[in-house]
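The chains carry the letters A, B, C and D, assigned in the order they are written, with residues numbered from 1 in each.
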Amino acid sequence: MSADQQRMLARAAREVIPGQIVNLGIGLPTQLFHYLPDELEVLVHSENGVLGCRPRAAGEVPDWDMIDSGGAYIATRPGASVFDSAMSFAMIRRSRVDVTFMGAFEVDELGNLANWKIPGKFSPGIGGAMELAQKVRRLVILCSHNDKHGNPKILERCRLPLTAERCVSRIVTDKAVMDVTPEGLTVVDIAEGLSVAELREATEAELIVDENRLGRF
Amino acid sequence: MTLLTHRYRAIDEAVAAIPDGASIMVGGFGSPGTPFALIDELLAQGQRDLTLIKNDANEPGIGIGKLIEAGRVRRLITSHIGLNRDAIAAMNRGELEVTLFPQGILAEKIRSAGAGHHGFLTDIGQGTEIAAGRREIELDGQRWGIEPALYADFALVHAERADRYGNLVYRATASNFNPLMAMAADTVIAQAYRVDEPGSLDLEAIHTPCAFISQVVEVARETSDQGRRAHVS
Amino acid sequence: MSADQQRMLARAAREVIPGQIVNLGIGLPTQLFHYLPDELEVLVHSENGVLGCRPRAAGEVPDWDMIDSGGAYIATRPGASVFDSAMSFAMIRRSRVDVTFMGAFEVDELGNLANWKIPGKFSPGIGGAMELAQKVRRLVILCSHNDKHGNPKILERCRLPLTAERCVSRIVTDKAVMDVTPEGLTVVDIAEGLSVAELREATEAELIVDENRLGRF
Amino acid sequence: MTLLTHRYRAIDEAVAAIPDGASIMVGGFGSPGTPFALIDELLAQGQRDLTLIKNDANEPGIGIGKLIEAGRVRRLITSHIGLNRDAIAAMNRGELEVTLFPQGILAEKIRSAGAGHHGFLTDIGQGTEIAAGRREIELDGQRWGIEPALYADFALVHAERADRYGNLVYRATASNFNPLMAMAADTVIAQAYRVDEPGSLDLEAIHTPCAFISQVVEVARETSDQGRRAHVS
């Protein structure tokens, strides 16, 4: 994992309040696992049917029946439960998950999210992302600020098929932490060593910045 | 939702969150699974003008029978009140508004809300007075009744065991409507005979995962009306 | 219990095949319990959430959490399970109950059943009867042939609000066993000592009788 | 339904009931809960032109991946096939018709059939291409999508333990779609690592009551693909 990613994860972990129920999407968000120590009393939900996941300890033998939704062999913490897929998505649709972290292809000023399909190139199915994005109490996006070609992922309007409309609360990237507000995307924190001008340059969406209130991470 | 770390409460504090006029789902089929201690606390605190949703009206003098006798229930949504002559009398006097559904339809209306849907399509009751006036839709060459989901502000549920996050285990036929109501209501107060530390319950044996529970209280088995029924056969 | 009722129950018990799942309605049908010995491997379903009920043995201490849908304290046999009301009625609506026995106010030639409401006199709610009647694979009615005033309960057409339309397969009364067929009500067995003329006199519905094939019970 | 006394069968006999062209629900989310032994038997017996309903396509070379590679699957109804490049390739070549639903919608379409309904009302996906063309209804001032129930001729499910009546207990995250499919299909074949006499399972710990099961077979843990996944992290 890169230093940027580690910095993003450490910042994202601060979004979690002890006692919450948290869902971690496939990819980078899954790694947040390692930033949530047992004493936080946080229960990690995975939509394949488990509440209270933790990463396997070093040397802990895998249990072939115990995976998370990304297919990794996991373990459980005290207070955990297992259940079927209907129960798992009932929790999601009833907004019993306090906060979900997800990756993104694109996010926009309105909080629209696209992270499941690139027409003609990538369409393996949406899995559980749509219901999580639409129904979670708080959706935090964890993604690189720009794609591998340097194109912005934080857009004025998403161009790819949406996962859900107006669903995102906060975006954590390697360059900034931004809130979706009625006024637009408001920058909360900016990466150490990055100027606001550089951030704007890397972003398609308009950014609202109050330099006096800007945090660093 | 209440944080996991703040769910284990005193019974008076948990029930005090319920205001006058609330809609309340109450678990139980007859006595088993009825949250007698929570109901008694509600009786003591004095909330009124309540809408109750329960499979039945318990029996005279116990459970929600007490709330009905005390005139605290405006409306009862249920499937059968045949074992409570007082409830039938209150209904016949016009003091208690009673809405009746077939039992499995009542269960599924609650489950539909609990699953985050807004209703379901059924053929149950087609051609009988139960379906009279029910909205219908044609699908796949047949007419289906639309049964809207049934929501509530609160649910009071009874479990055998719990942990302080609110994981619940039911016993024998005391499950019945409890797991459905636990999913359906906005705020869910669970009573259990024993509330332990997280990790004390077997992963696969938990019936209601804690995600749905707002408050959990421990109640003494001895102070419950369980087993003190008028009707024993 | 009267001798007539005992004779009806013994006759009705012959409707059960070893290995079946059976539901027993409130009232007389519940007593069938005592006619289904353990070695039959029959599982009795009760819609409050138990499959595999048996009556409590003499002196067996009641379990306050274990009742049937009529409120009686019951016990369970090997192979039993308990579950919630949604699961219980899923079994019923998916026709996983092989045979249900129910009482009746009225039954008619078409197999229509009325057993839940007498307008202005009795309307405590339908409970689980409607779904059982509509969806069970085989519905056997167990009721007195005439009401306490001597009026027939086996009618040309039901007059009370229906529980379900065209749901009854067979009717067992103190006077006869009758099948609902496309041709009408066909008498299978007649009570010992009763003439066909007496049976017709006690019945509103037309009865099809083949005296050569008539059983006695 | 099969009599309780006739449900415990040999695997070849149980699977032989499946004809060409059948629609088959298959339990499992990834490997856990996938009935590998039943799938291998189906592969060996040669049934073709199948419609499979499974959360995912397993991974290349295991589970339903084998059936897809062998050209035995005409259509797959699923939520995500991202871990099976062969299934994606077959889809892109037009050899495999793939119908995709959001995961929780797929689960509920199956559960709706299992509960004896004909569909449900949802707001999931409104405003996205997932809901394009979906029939809608207005209720309580809002538009709701109608998701019809999803039925199948057969279900193949995996359990940890069973009894010979077909009572099932699942383990860890091997539950997933299994209990839903067990309720939804007309004929349900369950495999379990251990099948005991009735009475051997705890009343309250049974996840799928035997009422839903047509056949139950015992399979050896060692011959299963469980734990022999390409993708281990």
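Structure notes:
Just so it is clear, a contact is a pair of C-beta atoms (placed from the backbone, for glycine too) under 8 Å apart; a residue touches a chain by one contact, two chains touch by 3 or more.
Just so it is clear, the model here is predicted, and its values are computed rather than measured.
Here the chain-to-chain distance from chain A to chain C, counted in touching steps, is 2. Compared on C-beta pairs in contact, B-C and A-B come out with B-C as the pair having more.
Ranked by how far their CA centres sit from the centre of chain A, the chains are topped by C.
Annotation: 29 Å between the Cα-based centres of chain A and chain D.
Chain C and chain D have Cα centroids lying 36 Å from one another. For chain D, the set of residues that touch two or more other chains comprises 108, 111, 115-117, 123, 170-172, 175, 203-204, 207. Shared interface positions of chain A, i.e. residues touching 2 or more other chains, are given as 82-83, 86, 89, 92-93, 135. Touching pairs of chains, sorted by label, consist of A-B, A-D, B-C, B-D, C-D.
By the touch rule above, chain A contacts chain B in their complex via residues 17-21, 41-43, 45, 51, 76-83, 86-87, 89-94, 96-98, 135, 137.
On the chain B side of its complex with chain D, the touching residues are 108, 111-112, 115-123, 135, 137, 139-140, 142, 144, 146, 148-149, 169-172, 175, 202-205, 207.
Chain D contributes residues 1, 3-6, 114-117, 163, 165, 167, 183, 197-199, 201, 203-204, 206, 209-212 to its touches with chain C in the complex.
Residues of chain B touching chain C in their complex: 29-33, 55, 78-83, 88, 98, 100, 102-105, 107-108, 111, 123-125, 127-130, 160, 170-180, 207, 226-227, 229, 231-233. Of all the residues in chain C, the ones that touch chain B in their complex are 46-50, 62-67, 69-73, 82-86, 88-89, 92-93, 123-131, 134-135, 161-165.
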